[in-house]
Amino acid sequence: MVDFGFGLVPSSRINLDLFDKQKYEELASVEPDVRKCMSCGSCTAVCTAGNFVTTSLREAIESIHNGQPGKALEMLGSCQLCGKCAMVCPRGINTRHLILSINKIYGKI
Amino acid sequence: MIPMSFILAAQAAPEVIDRIPSGYNHFVIPFCVGIVFFLIWITVGCIRILLNIPHSDRLRFWKSLVSPVTIYKNLRDLFCDCLFHVKIWKRKPLLGYMHSAIAFGWFMLILLGHIEVALFVPKRLGISRSALFYPIFYRFFVWMNPGHTTLRGWVFFFLMDFFLLYVLSGIALAVFKRFRSLALGMKHTTKPSLADRVALYSLWLIFPMRLLAESFTADLSGGSFLTIPVNHLWHLIFGDKLWIMPSWWCYSICLGLFFAVMPFSRYMHILTEVLWILLRNAGIKPNHPRKGVAEAEIYACSSCGLCLDACPMNVQKKNLKYSSVYFIRFLRRHNERKINDIADKCLMCDKCHALCPVGVDAPALRRAQRATVNESIAYDYSYLGSAVPVHTATEGNAPEVMYFAGCMSHLTPRIIKSVEKVFNAAGVSYVFADEGGGICCGRPLMLAGRNDAAAKTIAANKKMIEESGCRTLVLSCPICFKIFKEEYGLKGVNVVHYTQYFNELIASGRLKPSMGRERLVYHDPCELGRGCNVYYEPRAALSQLATLVKASKEYDESLCCGGSLGSLTLDTRDRAKISETAVSSLMVNNPDKIVTACPLCLKTFSESVANSTHQVSPVRVVDFAEAISESIGN
Amino acid sequence: MIYEGKQKIWADYQKEIPDDHYFYVRSCIRQSFFPASEATFLDITRNRLGKDIFETEHHTTCGGIAYHSDTIPQETVMTIIARQFALMAKNGYENYVCSCITSFGLYCETMETWREFPELEAKIRENLWKTCKLDFAKPKFLIHASDLVYKYRNLIAKQAVHKLVNVHTGQPLRVVEHIGCHYSKMFPSKGVGGAEYPYVLVGMIEAWGGEIVDYPERRHCCGFGFRQYFIKGNRGYSISNTHKKFESMEPFHPDFIITNCPGCPYFMDRWQYVIAESTGKTYGKDGHGIPVLTYEEVAGLVMGYDPWDLGLQTHQVGVEPLLDKMGIEYDPEKKYLGKGGKDIGQPEPCICMK
Amino acid sequence: MKNNVLIVGGGPAGLEASSQLQRLGYNVILIERSAALGGHLAKWDRLFPSGVSAQDALKTLLGRIEGVKCFTDTEVQSINRLDKSYNVILSNGITVLADAVLMTTGFDLFEASRKEEYGYGIYNQVMTNADLEAYFRNHSDKRIDNPRRIGFVHCVGSRDEKAGCRSCSKVCCATAVKQAIEMKQAFPEADVFCFYMDLRLFGRHYEDMYLKAQKDYGIRFIRGRVAEVAENADGSLQVKAEDTVASKPLKVSLDLLVLMAGMRPSVSGRRVGELLEVPVEEDGYFSVREGIVSGQRSPLPGIFLAGAATGPKTLPDTLADARAAAVLVDDYLSGIFTEAKHYKNLVRELW
């Protein structure tokens, strides 16, 4: 192979065709609240860990929908389960269990 | 205590003669099979449990058995918990009577039976001589020497009949309870499993059978106020043809059946409880939801169902299945899916633990269960070091107290404002540890069974506190309070909840609240009351500024607000139902305000009251600090 | 795909193209990379179709590359353009035909800007007089050279020696048409067929017997993008765009690509080589690439020009498989012989691409 | 003497206003350009948010217009303003002397093929909200063959200056959510995506419908306008948008794409408006005398407006508007109109 000093840049595009429906349904069966997010961002705004590192439950849910669960796991690694997000969620999403469930289901190797 | 003179008299003239010289009859076989199976089972079980306990804990256990303090504690607990069921007595006297009648009565029947054998036919207690069954069927094997009955014999006859009647009264209540539980003060009862049913019905039958058998033989082997009249009654009905053998067979079968199914039924608790009390008093904590101590604990559960009424989730019938009794039942059955479901649903309010007659700590088992699933979840807390604020004080000029608000208090700024106002009014020099937002205390992680991760946040916070040089740490959140007190191991730092601290400020005169005309009701937050045993201080402080009225459930009976972080899966609607119930419990005496001392309760109650469609003018929900700060003016 | 739906849109986007007397301006890039294309165009127009097409050596670049690389002020560019237009008028023409899409887009943009801001036009008029002493003029018709070939597609078809048909199977060749972004994306009404479903190249392919491939990324840029190529550090971005197009068209197995822009054939041709050599991936059959041709080259092949006279040897992707399919005879020996049999040298052989 | 009221347009607004005015004792003449009454409602299957049958709703409306003189297949040929009234010649040859004219000319659905990039009429698998309603009614459409992935594009021809419509069409978000749910009911295995810019679910129960769509039907809402549609080799659609919440471009393959065509001012209504010289605003809808306090009066005395003629409205809004217009017509005819001597002064003061 020839090195030209430049090469293909990985695409930043979300490909919804890569969405893993089976895993998502597994997640939705243990925590149906994952479907309820309307991306308001309240969880991100109050996040204790978010004060110090980039993290967002809203974005994690979004990433799973967008077929990028790795990004979600990375984001939720800093979560301390303090529950502030559960308190502020206008849709009453059971955020802590959702976070644990995402970790359990998508963290499986 | 048996007077010496009676013993001597016995030796002089035989009062009791072996009716059956071999000391054996085929009818004892069912009983023997049952009891042998049971004894093997329980011996193997005990050995297994002890083997599964970590070595250090096992050492601790042996030591505790010889330490005078634990010996006393063990004896007291065994008597109070196993035989007399004092805890049930306290809550529901009739239910207490029922349990103690069966437990204590039966215990006494067995004890007295053996004493009787020891006194009258001591040879039958030898190992080779049918010691296994002879004391049980004593009344079958002996013949009373008529005219030689001594006072001693009469006393035994009386006592045996008395305790039999005592047990029978308990059984009668139990049967009645099965059909009309509410009369005995239980709204909900456990659904018995098949083994439970078999054991239950055989238990119910044992004592009537015993009465039948003993009353049939009462004219041969003697009896007292119960068996003799019944014997006469049988003679009146059946003439001289009494069904002696069938009745003893039945009695034996019932006993045998009961012991055979006991290991698979809730009645296993009768003996496991002893082991559990010993282990508990030795201070050994479970580190696995099913192995070691936990095994003793789950088999010590009597499935009495008191936790059903205690559980705040019982406001909805569908959630009854998440009560501790079922959790333990599924732990016994190794039903992994259901175990996890129940473990995750619990609010961890600890009420079932507080009220459990045998002190089974189901919430701790749930945490252990959660740990089996959640402990392995990956995390990255590398940011903690830089996240924790630094409050370094030079020697000698450290502020009086450090105030740690915690995550939740940041969502209820009125608590923080009030706490600061009180500090300022009392002239307390303080440093606000997490003013710009700190990290979590770690308790929510522990509640989710993630102890490793919790240890990381604990270490980070601990470092901050120790470096600050403050000697007193004041917390406004009971969730934080519990973990700071129990897990942080802060040496030389006085960890207090603000209810305690403010009460002290009032007591020492640094804070002078003015008495108002309002009527307040105080809600005991789970983590503060049952969790840390703080009941007195908040009430003492509040009574300095208003009239305290009672809630329908208070102190360790207090109801969870429904907002608890303990539950991982309970959804908002179910939580709202719990909140409603808790609010109505607080509102029974129509207070002007509900006072709580936990940000989570505050938020939950505030929302519940605001969303309530029933109340015309919603009651105000205030925080303890708010109530204090309002009473000290501006 | 509903063909009638497309026809309806094509009907909405027709532009008036004059029949004769054209002023022709060349393309900087095409003159360098595909010089035979412009020569063929002039030859076809003048000699095969008998039209009057005039060109002058006095015209310059339109300034487009500098403009799109943000290195030249707009007024300067407009003055350069005004000078080109003035040259046309000076030579007595009013139909302006340009070879370059960048120029075409820039002319459209400039004329629109003048229409919207007459004061700017007045200023340019003044600049032009000050700098060149030329009278300001605007073309009556602004035409891209491909518009002209489109207009004469049927006349060319009549003179066709070869059709865009696989002579071995009788099936029409599958052709990807790629329109330069600046042809109609900025002003859909200025291009034949509009921006979403441009017809200019489709018309030629249909007239010459081929079949158009409609692949998802057909609207996507070839990857040139001016700055993205000029700075080496950005070339990864340029090639990634091209890669995206090829990945998208691959399942349709096109026989060749027809383009009407200077940059597109160049980049789609050369980047295929780079992709092949750096990742091993080729998009044609059996390790070949997909030939990328200009519309003049395609017209030339159809009309029976010798492939080497059309400059097809200057392409990185070999065109031989295509020539074989079309049944065009060629002498492999003469591939690298220039005018008068002069050896023009051979490129280094490729590792991954045939 | 009974006053004549001419109502132009036999959609829901026209029907409701007719019945109200008839009940108030006026001589109502209702004309409808097409062959049947009911307007767009007649073509719809079910109505948001509760999913009631559109045909039942229409039946109820039609059931109330007894006594109204209805002329279908009839257009306005010419109009002359007399002293107080309007002399209207209809295409069926009848002349009406109308004391008041109510324009309930409604809306046209945006012509989805104008958004060329969505390929309506070009790609096999692209349809509109109206096509889908027709499918729900007839259960047949060759574009729908057990689709596994379905997309809904909100705001097609709405909030789009290039499509000539800057404003929101008000009903498409709720319709999209309703139709998405219905598609999910019809094809439970399908994945359904809604591409929106803002979800405007303002009405009562609309938010519940949205929640239900997410929670019970697993419909995915993606914030971002579809920008480009193309066909894959297998005939499925490749749809490109930006997920503006994630700030990333996005693509997805779909088997069916439903375009939520928005509301445009009715072309034929505009023609009648021109005859009457009723002024229109920049958005193409008729101007009202005063938007807030009497939104059903045109600037011309005796000419009233109701329903989508004055901008996009939901069905309940339209009906309420029609009732309000009836009251204003009555107000005018029983007040200003009867004062023969002072008519002009009164109009000046009170209109």
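The first chain written gets the first letter, and so on, giving A, B, C and D; residue counts start at 1 in each chain.
The rule we apply is simple: contacts are C-beta pairs under 8 Å (C-beta built on N, C-alpha and C of every residue); 3 or more make two chains touch, one makes a residue touch a chain.
Bear in mind the structure is a predicted one, so any value in this text is a computation, not a measurement.
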Common touching chains of subunit C and subunit A: D
Far-end chain from subunit D, centres as C-alpha averages: B
Comparison of C-D and A-B by number of C-beta pairs in contact, larger one: A-B
Chain centre separation in whole Å, for subunit D relative to subunit B (CA means): 67
Centroid distance [mean C-alpha coordinates] between subunit D and subunit C, Å: 46
Rounded Å distance, subunit A centre to subunit D centre (Cα mean): 40
Interface hub residues of subunit D, defined as touching at least two other chains: none
In the complex, subunit C residues that touch subunit D: 1-2, 4-6, 8-9, 194-197, 214-219, 251-252
Residue ranges of subunit A in contact with subunit C within the complex: 1-9, 11
In the complex, subunit B residues that touch subunit A: 344, 373-374, 377-381, 383, 386-387, 407-408, 410-411, 437-440, 442, 444-445, 448, 450, 453, 457, 563, 565, 568-573, 600, 603
Footprint of subunit C on subunit D - complex, ascending: 113, 116-117, 119-124, 228, 230-233, 238
Subunit A partner contacts - residues on subunit C that touch it in the complex: 232-233, 235-237, 239-240, 243-244, 274-275, 277-280, 351-352
